[in-house]
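Before anything else, here's the structure in question.
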Amino acid sequence: MPKNPIRKIWSEGAGVINGWLSIGNPFSAEIMASCGYDSITVDMQHGAIGYESMLVMLQAIRASGVAPMVRVPWLEPGAIMKVLDGGAWGVICPMVNSRADAERLVSYVRYPPHGNRSFGPTRANFAIGADYATVADDEVLCFAMIETAQAMSNLEEIVRTPGLDGVYVGPADLTLGLTGRRYRTGFDREEPEMLHAIQHIKTVAHAAGIRMGLHNGSADYAAKALTWGCDLVTVSNDVRLLTQAAQQSVADVRRL
Amino acid sequence: MPKNPIRKIWSEGAGVINGWLSIGNPFSAEIMASCGYDSITVDMQHGAIGYESMLVMLQAIRASGVAPMVRVPWLEPGAIMKVLDGGAWGVICPMVNSRADAERLVSYVRYPPHGNRSFGPTRANFAIGADYATVADDEVLCFAMIETAQAMSNLEEIVRTPGLDGVYVGPADLTLGLTGRRYRTGFDREEPEMLHAIQHIKTVAHAAGIRMGLHNGSADYAAKALTWGCDLVTVSNDVRLLTQAAQQSVADVRRL
Amino acid sequence: MPKNPIRKIWSEGAGVINGWLSIGNPFSAEIMASCGYDSITVDMQHGAIGYESMLVMLQAIRASGVAPMVRVPWLEPGAIMKVLDGGAWGVICPMVNSRADAERLVSYVRYPPHGNRSFGPTRANFAIGADYATVADDEVLCFAMIETAQAMSNLEEIVRTPGLDGVYVGPADLTLGLTGRRYRTGFDREEPEMLHAIQHIKTVAHAAGIRMGLHNGSADYAAKALTWGCDLVTVSNDVRLLTQAAQQSVADVRRL
Amino acid sequence: MPKNPIRKIWSEGAGVINGWLSIGNPFSAEIMASCGYDSITVDMQHGAIGYESMLVMLQAIRASGVAPMVRVPWLEPGAIMKVLDGGAWGVICPMVNSRADAERLVSYVRYPPHGNRSFGPTRANFAIGADYATVADDEVLCFAMIETAQAMSNLEEIVRTPGLDGVYVGPADLTLGLTGRRYRTGFDREEPEMLHAIQHIKTVAHAAGIRMGLHNGSADYAAKALTWGCDLVTVSNDVRLLTQAAQQSVADVRRL
Amino acid sequence: MPKNPIRKIWSEGAGVINGWLSIGNPFSAEIMASCGYDSITVDMQHGAIGYESMLVMLQAIRASGVAPMVRVPWLEPGAIMKVLDGGAWGVICPMVNSRADAERLVSYVRYPPHGNRSFGPTRANFAIGADYATVADDEVLCFAMIETAQAMSNLEEIVRTPGLDGVYVGPADLTLGLTGRRYRTGFDREEPEMLHAIQHIKTVAHAAGIRMGLHNGSADYAAKALTWGCDLVTVSNDVRLLTQAAQQSVADVRRL
Amino acid sequence: MPKNPIRKIWSEGAGVINGWLSIGNPFSAEIMASCGYDSITVDMQHGAIGYESMLVMLQAIRASGVAPMVRVPWLEPGAIMKVLDGGAWGVICPMVNSRADAERLVSYVRYPPHGNRSFGPTRANFAIGADYATVADDEVLCFAMIETAQAMSNLEEIVRTPGLDGVYVGPADLTLGLTGRRYRTGFDREEPEMLHAIQHIKTVAHAAGIRMGLHNGSADYAAKALTWGCDLVTVSNDVRLLTQAAQQSVADVRRL
């Protein structure tokens, strides 16, 4: 019976270290999958990645045993179900702002009678196993992103949505949503109100018995988030890692 | 009249800092082209890159103004001419081992009467300019790789091949070729005999009035090579930069 | 005036034998189009197929004269119209659960005043003909999938939606929807209640003067469905055909 | 601070001449971007273009300095935001039929507090600049297509939607929508009622202080539209240009 | 028994009007195949086209019934045989400069005992027919390009190579080869020595009982070439047609 | 230390059952890799597969643990080395007709001092392991195809080429080469002279201490070949399996 590697790590009491892919290429995906992450998320929302690229990326990740997840572009049934049929072990859905949103999300991820996911796990049958249908509802992860003022208002209701496994916090959007343009855009917030918001989400999620993940731009911040009790931390992404490393490399050679 | 940016840098007395692409993707190419390199080489030999990827990578690099070159898979006329018609500002050809090899290489890169390049610069007419045909033979760069024992023996003859602009040293192959399996594989050689070989190539190339480039795996070594008088230094590549950055990132979060 | 080959077969009183593509590749599509099917459906819902693959698959099928249809991922106007502009002779839409759903579907498939399809049949003008605009509303086929308990409840209303050409039954989803997890997942149902449901859909569709198609996993079941009066039967798909043939081939050589 | 080239042309009092891409290829895009247009629109609605092609087309256009826009398939947040993250300087959205539609459109294009665009301009940070986030809301263009009878009824309300930069008229759909099948399909309308409708849209848009663009099938009509005061005129598209030129070329050689 | 459409036209005493593809896209190929050409050549030498694009272009052309040929990058057996296995009805090989070159070319195009073509017509079996193997050697066309001074010297020997169907003249290369840089580059030569060379090739080819094709940049020149007795005339190409039409279109709207 | 799975099977005294891919798609590759074969060969010679497709196919196969090999288009150093850098566990080279051919082949596959393979195993470092360089020469398989009359004449010399691991027999070409057009084309020969030739190759190969593989079109013939002592048998291919299964499926439903 195939098991979701992320659930396994949690069952051992550890936090999950997640990589993030924004370049639409199977070789960079294969490289990232070799670098020690516990899970890898293919970002179809803000990444430069369409369906065709996402699919070969999932194929390229498979051999590593690292659990692939996909952040979908939006709360749309067609896109979400295609990602799962393609063999993702989890879905991260942006901009889940209400209990109704969260219920729709779950309904797209679970088969009847728990939801309305349509049956046809074409690649999942190969990538995960021929018995995929029997384990999918128990093993596939369903994350709702909390990243707007509206989501914060509805947080208690959202986290109690049956079938939801966790919330995932997007600090860039959450900051824009809660504070407008008062602060710089981006991750790794240090403003007290943002720190408070993030901690609050974690507390509310845990109280409801679900997981909490956080998007981070640096190892330092991700490590700190693990100490806070975050269950899954994303550490930077391929674009940022490559850009910073290349810029540093050029600066070094020019300076030396 | 379009000018090769690499020749311009040399005409100003500076060394060229070259980036290296082994991932076959236009977005990672566009990212790398933004990171401060003077030139970028698309590696069709050892990179995971075929013709179709190479072409969109050249397109993605174009806006940066960074000069694109291509390392071709082998000394083959079809492949070399396609790369130039695709808009590369230079060709780096592996395993040029004799004067005859070098003459064949030049003949593929230059139009008659200087060579036998076939006429049809389909994308170069757009990427470089409608007057490409009038400047190509003067501006396009032709590099022969010196990376075998045989090439070392024939070095004096190779560097004097009319129409050759430079030699490019591949330290991994050169080490294998000169020393067999005595040392580790890879770049950034520190063995005295390898240092001597590299310096020798530079001296012989310069004596013949042509340029010398060196492939390096680190900024430190590339910086050192510039102080030796190398005219073009490659600093790592996208695969290595991404791998090291991602591994470091995961290690940091696990350690912190 | 171009004619939809599927309508022609029906007008001759025969049933349509439909192939099904879940591999996103134009060569496998071209192969399947040569194998004797009357129509071929590119499955963008559960198939590992995005827009870019779908398009080249339609191109590869064209020469065969076999009518291409597309199952879209969901009841979404953008996706449905793109498929038709790409030259599909018909659309199969999943999860049409109510009269309102069916009306929206028709509105996406028909031009004003019959619907709200936006005008711009860019490839259809080439694949089907320059007079596509004048025949599209009469010739293009519009199928609503009946595959949930809700759809069964609303069946009488759905089948009477003006502009709908037929219903298409997805037995895997219908079984999940009607019976939960009581039975195995998949096609070729033999449970009396499922047989009854399928027959019921056929009867209701025919009473409303529209067509009824059935998804099948084997030639045996498809042949039986034709005897029931189904107007279009899908017989297996490329993934299943290839998997079974390859597994059998390996088993044979190991056994022999 | 990066500036939208289209706004710059308008600020100089000129009309914008827009090219249109329906072939999903970066080389034809690069060619079109070299031909003198002020802006180029990648048509993801009726063009044979998916996300993956659109992205490389934006990359291929970038070097020209011509402003890229994208017509999206439909009023969908996921698709619209992906296009902007991909580096488009503007979005043209089909079938905006009501004030509510227009408000949703704006909300997908603007960051909070002006809208609900999610933050993550992955390629825009490279294509437009690292300070993209600070200029996006001021510089990115948001066009609503007016092309149905319903949109005409709601025109006054639509054009006054805060954050909307302009309306774009699709004459083929507008003719179908206003007159059914009375006239031929297509652009370059000469019927008095259609001419009146187009002029009316322009007048109402200008009265609200926003721009008006018109889709045209010929240079003659586009030139006429400029004299009417249209702010942006599309002149034919790649498919039509290529088809007409090739047909003419063959006819010439057969006749000569 | 499948017949090469080009041979059929010749058997009727007419000249063949050939289209030329330099954009690597199946939709532009499908468009061009609809425009009235007798044959279409996919240019893998100077076109921006690799193997993967070539293949889908052949698929997209198939439905038109227009005969597809491919110009290969160079006289290389691997590339030539792949093109034929892919379903091309003919091969045009650049830079055939000697009898030995021509014999190698024929040997790559014909099966034993006439040549050394390796057996495996994977797509040709579908595109042309299951009996492809029985007709290939009689029907597939083999063209050698005459475009260098050396080829002119060896012309009498080349045209008499058994199994060669025709010569194809590349005027841009031939001019460079015969006259160096004395004249502008390109097609449609008017210099007396070039006109003489072209006529000479035609005369020698016809005397040997083989065909003569000419690459042209305009309908005027192609029409003239037909009156000279050329058997196949290429008329411009997709890049040139699109560029000229788009530039003209923009110029018209700016002037009007 | 990574081990070639094919060598492991042989070391256990068993024959290797090889699958064959002619469709250029990673999903069909992933499917085939799940069907029980010991190894899978991506056919870049006669398959409809270019470099870009081959690469994603190797990635898709990786997770299965089935050993991937590649048949290259021809005896060309650039192509052969790219395939190995891409992570293939073996190379099958067509048309090796002499000892000199075989020596060139080995030189392209082995690093100095055993050959001239250029160093840069970019993807092999990930697919096979970071210590790839230390095992490549011992583990990578090098097969020469014996499929011409000339190869048969030179067989004794070919099989004794140092560094060659095996010969692979292509019965279609071998039959053409030995008997011209006397017999049908294709595999699974039953003519006594062909049976004798195949047995002879096996005997000579084994006498030289190397392996012998045979290409077969059916499980029956492959099973028989195993009983003859063939070390590796290919059983049909994806195109043939899919075509036969689909044709049979349609025939069944029409007959039933």
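Here the chain labels run A, B, C, D, E and F in written order, and each chain numbers its own residues starting at 1.
Here is the rule we go by: a residue touches a chain if its C-beta (ideal position, glycine included) is under 8 Å from a C-beta of that chain, and two chains touch if they have at least 3 such contacts.
Source: prediction; values computed, not measured.
Of all the chains, the one whose CA centre sits at the greatest distance from that of chain D is F. The copies chain E and chain F differ by a rotation of 120 degrees on their C-alpha atoms, rounded to the nearest 5. In this structure chain A contacts its sequence twin chain F using mostly the same residue numbers, the overlap exceeding half. Centroid distances from chain E, each centroid being the mean of CA atoms, peak for A. Here the CA centre of chain C is 34 Å from the CA centre of chain D.
Centre-to-centre, using mean CA coordinates, chain A is 52 Å away from chain E. Contact of a single residue of chain A with at least two other chains is seen at positions 24, 27, 31, 34, 48, 50-52, 55, 76, 79, 123, 239.
Arrangement of the chains shown, judged by which pairs touch: an irregular graph that fits none of the line, ring, star or complete shapes.
Of all possible chain pairs, the ones that touch are A-B, A-C, A-D, A-F, B-D, B-E, B-F, C-D, C-E, C-F, D-E, E-F.
The residues of chain F lying in touch with chain C in their complex are 17, 19, 23-25, 27-28, 31-32, 34-37, 48, 219-220, 222-224, 226, 233, 235-236, 238-239, 241-256. Against chain F, in their complex, chain B makes its touches with residues 22, 24, 43, 45-48, 50-53, 72-74, 76, 79, 94-95, 147-148, 170, 172-173, 176-177, 180-181, 185, 239.
Across the complex, chain F meets chain B through its residues 50-52, 55, 76-79, 81-82, 85-86, 111-113, 116, 118-123, 133. If you check the complex, the residues on chain F that touch chain A are 26-27, 30-31, 34, 55-56, 59-60, 62-63, 123, 126-127.
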